[in-house]
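Note sheet for the following structure.
Chain lettering (A, B and C) follows the sequence in which the chains are written, and residue indices restart at 1 in each chain.
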Amino acid sequence: MYPENYSYTKEHEWVSVEGGVGTIGITHHAQKELGDIVYVDLPKLGAALASHTTFGSVESVKAVSDIYSPVSGEVLEVNTLLATQPEKLNEDPHGVAWLVKIKLSAPDEVKSLMSAADYLKYIGA
Amino acid sequence: MIGMKSLDELHAHLPADAVIQKPLDIAPGLSEYEIVDYFKARAAECASGYTSFLGGGVYAHYRPVMCDVIASRGEFLTSYTPYQAEMAQGTLMTIFEFQTMICQLTGMDVANASMYDGSTAVPEAAMMACRITGRDKVVVARNVHPEYRQVLDTYLKRQGLPVETAAYDSKRGTVDLDDLAKHVDGHTAAVIVQSPNFFGGIEHAAAIAEIAHKAGALLIWVFTEAVSLGLLEPATEADIVCGELQSFAISPSYGGPYAGVIATKEKFIRQIPGRLAGETRDADGRRAYCLTLSTREQHIRREKATSNICTNQALIALMATVFMGVYGKQGLRDLAHQNLSKAHYLASKLPLRFDGPFFNEFVAKAKNGSPAGQNAALRERKIIGGIPLGDFYPELADCALWCATEMNKKQEMDSVAEVCA
Amino acid sequence: MSLGKTVQILNQNEGLLFESSSPGKIGYQLPPLDVPAVDPRKVLGAGNTRDEITDFPEVSEVEVIRHFTRLSTWNYGIDLGLFPLGSCTMKYNPRVNELVARTEGLAWAHPYQPEDLSQGAMAITAELERAIGEITGMESVTLQPAAGAHGEMTGILVIRSYLEKQGNPRKIVLVPDSAHGTNPATAAMVGYEVRTLKSNDKGMVDPATLDAAMNEDVAAFMVTNPNTVGVFEENIVRIAGIVHAKGGQVYMDGANMNALVGIARPGDFGMDVMHLNLHKTMSTPHGGGGPGAGAVAARAHLEPYLPTPRLKQENGAWTWDYNRPDTIGKVRAFYGNFGVLVRALAYIMAHGGPGLRNATVDALLNANYLRKRLEPHFDLPYQSPSMHEVVFSHSRQEKRGVKTMDIAKRLIDYGFHPYTTAFPMIVPGAMMIEPTETEPKQELDLFVDAMTAIAKEIEADPEFVLKAPYNTRVSRVDETLAARKPVLRWRPQVPVSRAAD
């Protein structure tokens, strides 16, 4: 369920790093807690994200949750699929429903995040 | 049953220093008959039996009987905000129809379920423009309703959002485009213009939109006389259209309750304040309606909400919806045409101050330069004349703002001409 | 089939008004024009004139009345039965109030007509100001705000202007975590940063927590009393003292004033400024979500800052005073929702002082009766004495997988409008019930029967309750679909070719 090669935050985001580019999403646990997701608000291309600060939000019918960036960097790509099909975030949060890809400015930040095993322990699964 | 010996026990736990010390100084209750009598007596102290040519944001239009008949039904009158969709499909469907008709009239893509009134819709629209553009300054034309501009100041000042005023052309009474262009810059979130403006004149949407858009600002188009929408080309160049629906079957009622509305383009729906009704399906696949996109609102987003608005003007919006249904496509046009014709007949008898096109209001110079004197003479004929403009516009102290609607008869207008010409 | 208060009966289908539309149908008649008809294109300019209002409805008069009457039968109102929405005070709306608001000289009064021809309307406004001042124990009242949230904005603006005059508007507004969402939204609109205070285990403001948060950067503390758990803040006088000691002001959200009229006055227990929802406490109809009116009452030291204009008497006549140098300005055009004010005054006159107090006591009695009878079946998270409303939680039913919203939907099948769900936020799975004083015991008993029956249904077959309602015109409405794919207006399905008709 939780890919071993991803790193996780206490705010229930994940990041996977490949060649200096981090792909960021929310976890399966997060989508389950939120319920039916109806809207995803994401940053603009080129926006600068700082780790542990909010860069967007996810909405269900009656709740809004901020999304925090696990790492710092510049937004290279935004998942446009979510604009028309926010439900994908419920269906495949670790896969097609990634949120943004960023160029990491401080790759070492990843080291302070949780492993899949630690995250599972954290959510008490 | 609830284990108490007397009714006083229900509030005996209140701290002694918080309870009332003596009975309320309010007279004992009255019967229905006495209450009706009291209000009839107060009404008799008002302007019963007068003919009026007052406009200025509040218009005397005929109210089809149907509007009160529908709005008096307990199922509408005594219902609540339709949070429980399964038992409020009636209210929800009428809101959906209201939103649709407002879009059809204004040329916008989406409209909300109503705001308190036109004057509060304007600052809400301005705040919306600030959120969209990330800018903080708004420029408002000086011929936008003066009270609306005062409300705009009250709302925006404490949020650190500066409001600048652009002059009107002293010959035509419409926005002075050169002066407007001087105020609009890279900090401007919105340009706010009213049409028909406070003087009744028709503004030029394309030219104003060009000034706003060139600087990356939004255009907010305001209306106070909704009947004009029956004849006037909608300002589709605008980004936000907002205004007052009092003209659609709402009694003048000494200033309220009325209903405001905000309409906008599809791309801005996440920033529109207030309630929205949307179409959806029920569990069995039937068409159904519910309130939607609620995450914009205060009960969910709290201090980050698009507005603090909660209660709006649903029943008033319902009356307006019935009104639009009764008049319909041809009727609203005919009604607007009657207003246009009546106002132009009256205008033909009075010395006009401005020379631009107008709908059912216009500014005229008063006899001997004294609107007060002129109105005193009209009072002897049981006529309330135009609004003296000196309090709002010192430079127009010798002028009055006249309005004629379908309710004003030719004979009354001839009478005005005898006194004022 | 009969269930609770309901029996299934025939109900008319009805589409949107646009769907009954066909070209040329009309529902109106204007009198003949008695002046020369002008050519719109000529006097307005061709570019300013529209040819038609595309797709606007074209229906006959009988279609209009049937349309809206059919839709009305899909609604529920107080006229049909108990409407126990907590915090909303859905009490009976006396019909004489509707009649007097339509009295011709009042309904047709234009806000710009001369003051000497408006004396009756001004006298009504003045009389209501006086009555609300007496009820709240405050020296000054403005009736201009259009609704509760608008009143909150007015009150916080007044506080801001008052503090500015002292030299510093300050930066922060404190709100308890039990507050209505309008409170933090209002503070933000007036330019304040919002800080939230945690309630204590009685569901009340903790004086120690407030004391720790209170400093010279805090402009105001916004408190609802009774609070949203339906409990009177036992430390309210101390709370006011803590805020005042640091130079702050106390704003009271008066949404729950129906619990206090004639029993306790906010002015007496230390509140500086407050609003009163006339569409709650003073019985003016909610109308499916407005219009309301949000009277604001303030202590004398805040009077100079109230919105303009203010009523005053000069040589025995009423006049509007615009010359108010310290005012916050105008909060809306004209003088307020006058038509709502007329209804509110009629309500106060019908009750009189003693009657208003009796109504409050009856509201407390009804709420406490429901509390006592429902307590065996539902969890009561706070044991503090209830005022006019009682807040249960779904925690017992949740163990069977049924939540507050599901119980609410099943309640509809029994013929009742649900209570307030999921608010206040400090009670997970809240069921907030406010019966008001106007409910007869029989109606309350039917409600108790329905709630008890649902509790039993949940024990027997929770799945069944999860799919409720069953007896309504539409089954459970898909709010997720509505939010994912917003359809906010009607559009014709296929372009209609007028020429082909």
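The definition used in the following text is that a residue touches a chain if its C-beta (ideal position, glycine included) is under 8 Å from a C-beta of that chain, and two chains touch if they have at least 3 such contacts.
Since the structure is predicted, the reported quantities are computational estimates derived from the model, not experimental observations.
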Chain contact graph, described as a line, ring, star, complete graph or other shape: complete
Per-chain CA centroid nearest to the all-protein CA mean: C
Greatest separation from chain B - chain, by CA centre: A
Between the pairs B-C and A-C, the one where more C-beta pairs touch: B-C
Centre-of-Cα separation between chain B and chain A, whole angstrom: 44
Gap in Å, rounded to a whole number, between the CA centres of chain C and chain B: 20
Centroid distance [mean C-alpha coordinates] between chain C and chain A, Å: 39
Touching two or more other chains - residues of chain A: 39, 59, 61-62
Multi-chain contact residues (two or more partners), chain C: 479, 483
Chain B: positions in contact with at least two other chains: 294-295, 300-301, 304
Contact footprint of chain A on chain B as seen in their complex: 270, 294-295, 300-301, 304
Chain B-facing residues of chain A, complex: 39, 41, 59, 61-64
Chain C partner contacts - residues on chain A that touch it in the complex: 36, 38-39, 59-62, 86-87
Sites on chain C touched by chain A in the complex: 422, 479-480, 483-484
